[in-house]
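Two complexes are shown next, each including chain A; its partner changes from chain B in the first to chain C in the second.
Up next, the complex of A and B:
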């Protein structure tokens, strides 16, 4: 690895509570005090090993949604995913699932089928840390995505460019790395890809079998071949790595940071896990300017508070609170996903954050350890609570601007 | 024995008169208690928030496991599950009782409560307080028990001379203040204990004053208590306002207002009816539990429901449909939607009016532009019948979660003129929903005509999913509408609509019957609803897994806890043979009466 993402080898005592909290908070979503203490004792490498070898979810919880999918209730599906995240069994996997949900943003509002949304979510969970090429191919055939980006209206002679455009602009290449012609030619390649009921179907009669010129290569390309050509673009690996660095590093990376990571991704057969481990173990990742440098998204915030204060939250309420704070699971605002960053905060969402944090502070103050916990949190986040009662101190901390940074 | 509290028929007659005067509407004032005692409610101060009396406690204690009610309970499926749990929780308490009173603790305690026991809670001296009164077999029994208790307590707290602690004397009662939060008073064969001295003293004062009415000044309590001659094994009464303010005092007044606002919500009023919808705003509530061998029964009542009497001016129309053993729910309801909506500007808060106006306007679209309030609803009788039954799936795709179907039946003033317009409205609604679903890429409902005998039904259903695809919950919906004579039938599933069409056609020649029982000018049945406990238990059992999953996700409950809760709910539904809700207008009062049929001890098991 080059200088930019050089591996961090902390001296004794350097991997302290703050460093461990940064790692566990970014790699996962929430972190309990016990996890934090264990990480400090075990050190960086062992902590990373544990993160990448996390156990399966509780099977009862994982399958609890099965019987509720038939109700068509998106609230139940939101609560279920929130329950998995709050459950804390597989924080890295759920963080990646959330990342891909944002990357391949698909909204129930148009799909209107909770079974399809659930299936897509399972796809992100299954392939999220694996081969990106497999993930992209699966997403391209995913019924929820095909409904979302109008696969059924992409027919020979009347190509719908929605999927072809987004696969280049958002999913694989990034703006400026393809031409309008590439979009229209790829759209022709994807003609006939649609949905029958809840299954992918290829309608040969609707497929344009003619020659296409895609990225300067001419052939009778179909959808699968078009994806191969997209993946073969050198910029593809860079686009994926840039997204990962931005998500886990918290700020836009430079080309010098992206380039070696992209090479590593290709070297590793496009597997995400080793690349992610490189990011999370790098000096770059642990640099002071990367810590608490961005505004936590609502889901991240809620899971973090729950884990840190050891609360037992009702998943449906937590998901609803996230929605009022601007992050409704399975309902990203557009194909671009959530803007994130400063866009998380406006007058309405800040009020919603404030209200939910006060609610959680009240809940936390019932714990007999509330006073000690408040003292500890106040110290961690440099919040002055003076002689406030535990509930007021807790509310002051949870609503302080610095607490919302991650 | 205190001469002031003489017993016997003369004393009983006096209290019967008192209760009779207090509740002038009672047809005949019955003796206050079966033993002729002064009702224990007369001892509790008038500001008491909750009052519980247990006249049958001594019998229960004496009989123990052999009590017929307990036998019936423990023989039921609910009892088999609940008994070990109860015993586990009671074990510690029971062993303490045995420690104190020896192996014959039942005899000891039954003597202590021989003539009744009662508990009250009230806010006194700005703090939440409780007090209990035990009316024992006689003064000597009580004094022996008190001495024994003081001795045991003295040992426990390291005060061997507690037994000899001199009491204060208050209105002829001996009163001991044992620590800041416990006072105990003895007067004759009565024991009073509580955590707030002022509350205990008020009870002692009433005890000393044989003319004191205490809580009996509450007409609703007096009337409810006097029912069945005051014979209830357990009687509970609660004042809504005082109970709400009990914990936090005046600072909880906002909560009271919120309760009343919620009760005036238009959707609650329209769905539940004005009387039932306003039940949460009733002034007080009472419950009676009777362990009578042939007819064990729990009766709940809401008193003084603040309803506009004009809305209840017409009684429910009689139902032509007989109850069927398959009914999970059978209800005859009085819903004068036309009158309710016509008076919406005075009945509901202004904030709801815009939404209601839009709803009325939208619904008018389905009736060819006719005004819903002025033209459509007045054509519909105010007497509705609701029936719910399990769906007969036959060859139709069976959903993963099976829900029972529900149907509404109502008579039309001019069936030949108005019937077709309701059928057309149904068809328009399905068509519009189909367009809306198509716009969202969802599948449509197929609209069909079908015949049941000579009656035509309009039915709608979703297209059966392809083999291998799950059958979603929406397949419980296959709505249908039909008209049988003057009666319009609207059901959530065509299988139920067909059943009801057959039954109504069979009943068409019969005279209209009233299902609401005897009525007088002063006592009019408005709503009557019956629920079938075992039937509901089957619905819960069929959907337990989904209910558990929902509780896990919506409330965050652990699976085991959620499963146990639904199992208990299922067992309770099975234990309660049937529940009957009667809403009556008696004089100027509205009364909701809920009766639960419990397993008869005489039968020794769940019926």
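Up next, the complex of A and C:
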């Protein structure tokens, strides 16, 4: 037990450049040199304070979305979110938003409405670091989710189990922690929840008001009560923490690692921020085996390169490049989200990474500080560049396998 | 010695990423697939809904001339297929393949419950699911997954074209790459020194213990990817055995032929030919499209024959639906239902399949759908590739020689 708690105590030792890069890279998406240097000077606590008290995004960026949504084009919406991530004002919030987008994976391919996709994205941004119970309730009533998982066709006498199953299997409990009966009973509880004119609507006539037996508890449960019963399963907090640890730690955590965090989540009224802070300040997080141990996803990679090389990428181009590498924003391959890890890489996606990285190396080489930057990056990533010209050195570094670890 | 992609996929399986893939079906699939040799499939999508009626023309039915006062094609201009049917005059190449028995025409193909929306109908064809709103994967992608499991290839499927990856190509295991440039993959190397440095960076063992496994994986993946790219570049620049037209569709098929002829290993290709949504002034546009289609397929078939590969390669030509029998007021045609599908290759049983359209028995002004499109997919899967088929419809019989 002592050991189980020990790993979640604040890290000791020097908060050096490498530690700062690890923290900022994982907590957010990209780090500039100045941010890195500032973090080293300020130390761990102050850096975390700053991360958790991020400023709002540039208001013009947030309002520009109204114009873009009018076009109905998903590419515009992808570019807009990419601009928020590339903007770098709220890296922690955007990474959490991306994390929840993957966790509650919803694809435009079926929803076919950019306004609904944007609204769901705003929901993740607003509630992403708050009370998970609120987040789950909001997601369950989110129009894009209702379209995605067939809320409208879930009617009394014709239950559609799509949402009921995924909320248990993927969103809140994990496979093996519920019965088939729980799924079908919960589906009945959610009958009548649907979308009307881009808004959540409850159609009382479609709702099955009969008794349901959910996790052994019998009653005339409706959708809200079903969510409460799901959240009351002890495994729920563990499921959420496991996902967080996988994302921020970089590999599947053990039960012993999850347990104390799950307790902390419940103690903190299910607020994500304090638990995330515990993770990001812990000895566990800064352990050598946690550093650069995972393959960076396309979005993470692209945002990181632009921040590190101080480029100003065209968001639409960056989003398209991510798509060619296998991560089209708002278009996850299924409700399971992106598989991530090694599944990011095959001959096609690696070559897409190569091509975009060389393009960015060319861009970066135009900077007068290119040579110094290349030297610095080469030593950070242990890439031998010999007598290469800055553009070649930059390309060699950006396409080196170690650069694609995060 | 570089690991193959197979090996690093298996390393992924050990982490439990896709443990379900190790089913007993795997061994069975492998046995069947190896018996089908090196057979390949090229899916050629005619985007926008090809006017099947003015492609394979039933000129003896008087309803044809009546429904199409300005668009009906005179029998004298057609390439004869049989007593009742002729091919559009621009399709000379296809007519030649038909005469040789290398073109199968399947009449009246479509969805059992036709949908006149381009998007919905295309999604149904791509996913092979009648309720395509649910679709996350496509039939070609799922087929590539099955072939991928059974054979050793770095790139099970390849999409060539500037459009986004078609839904049809989305699989579960394999993310199909898109090659925008039909001239091949121009992998950017800035200089020889850069290429050398890149290569040596992949050889050098890295010192950080924490990242060793993932790093080793990435290094192998990168090496394999570059080797694949270089092979593709080498093959794409090989001389052609026949002269191809210069338009884009021909260049796409030319690249496919270079890869097939050079033993590149990719078994499933996807190309599109756009512009078939001919609502107004159809005649010249349609003639130009069919001329490109016919010329490209003819050259492709000749090229494969010259390389001795024509019996191993099948081209499936489809469109999301046909067009209305009656022409509209703009000398064009609106969205319809049933339409012919073409299968091209020396391995097909040439001639006509299914029931030729009867213009006196229309459904809502459209040609009837007699053949469920999924029965053709099932035939390709079972009879051409010898793998399982899961469409819930019987494969169409006798499509292959």
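By definition in this document, the second predicted complex is superposed on the first by the 393 of 406 C-alpha atoms of A that agree within 3 Å, B and C clash if a C-alpha of one lies under 4 Å from a C-alpha of the other, contacts with A are read in each partner's own complex, and residues count from 1 in each chain.
Convention: a contact is a pair of C-beta atoms (placed from the backbone, for glycine too) under 8 Å apart; a residue touches a chain by one contact, two chains touch by 3 or more.
This one's a predicted model, so the numbers in the text were calculated from it and none came from an experiment.
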| item | value |
| --- | --- |
| When chain B and chain C are modelled together on chain A, clash or fit | clash |
| Which of chain B and chain C A:249 touches, first, second, both or neither | neither |
| Partner chain(s) touched by A:115 [first = chain B, second = chain C, both, neither] | first |
| Which of chain B and chain C A:295 touches, first, second, both or neither | second |
| First, second, both or neither for A:76, with chain B first and chain C second | first |
| Touched partner set for A:60, first chain B, second chain C, both or neither | first |
| First, second, both or neither for A:192, with chain B first and chain C second | neither |
| Partner chain(s) touched by A:128 [first = chain B, second = chain C, both, neither] | neither |
| Touched chain A residues, chain B compared with chain C | C |
| Partner chain(s) touched by A:223 [first = chain B, second = chain C, both, neither] | neither |
| Chain B collision site on chain C, chosen from 7-15, 25-33, 43-51 or 385-393, when both complexes are overlaid on chain A | 43-51 |
| Contacts on chain A seen with chain B and repeated with chain C across the two complexes | 110 |
| Parts of chain A lying in touch with chain B, wherever the complex brings them together | 60-61, 64-72, 76, 79-80, 83, 86, 110-112, 115, 147, 197-198, 312-316 |
| Chain A residues within the chain C interface of the complex | 107, 109-110, 288-295, 323-324, 326, 333-334, 339, 341-343, 345-352, 354-355, 358-359, 361, 382-389, 391-392, 395-396, 399-402, 404-405 |
| Touch list for chain C against partner chain A, complex | 5, 8, 11-12, 15, 17-18, 133-136, 154-155, 164, 167, 170, 174-178, 185, 187-188, 190-191, 193-194, 197-198, 200-202, 204, 206-211, 214-215, 217-219, 221-222, 224-226, 228-229 |
| Residue numbers on chain B that touch chain A, as the complex places them | 399-401, 440-442, 465-466, 469-474, 545-546, 549-550, 552-556, 559 |
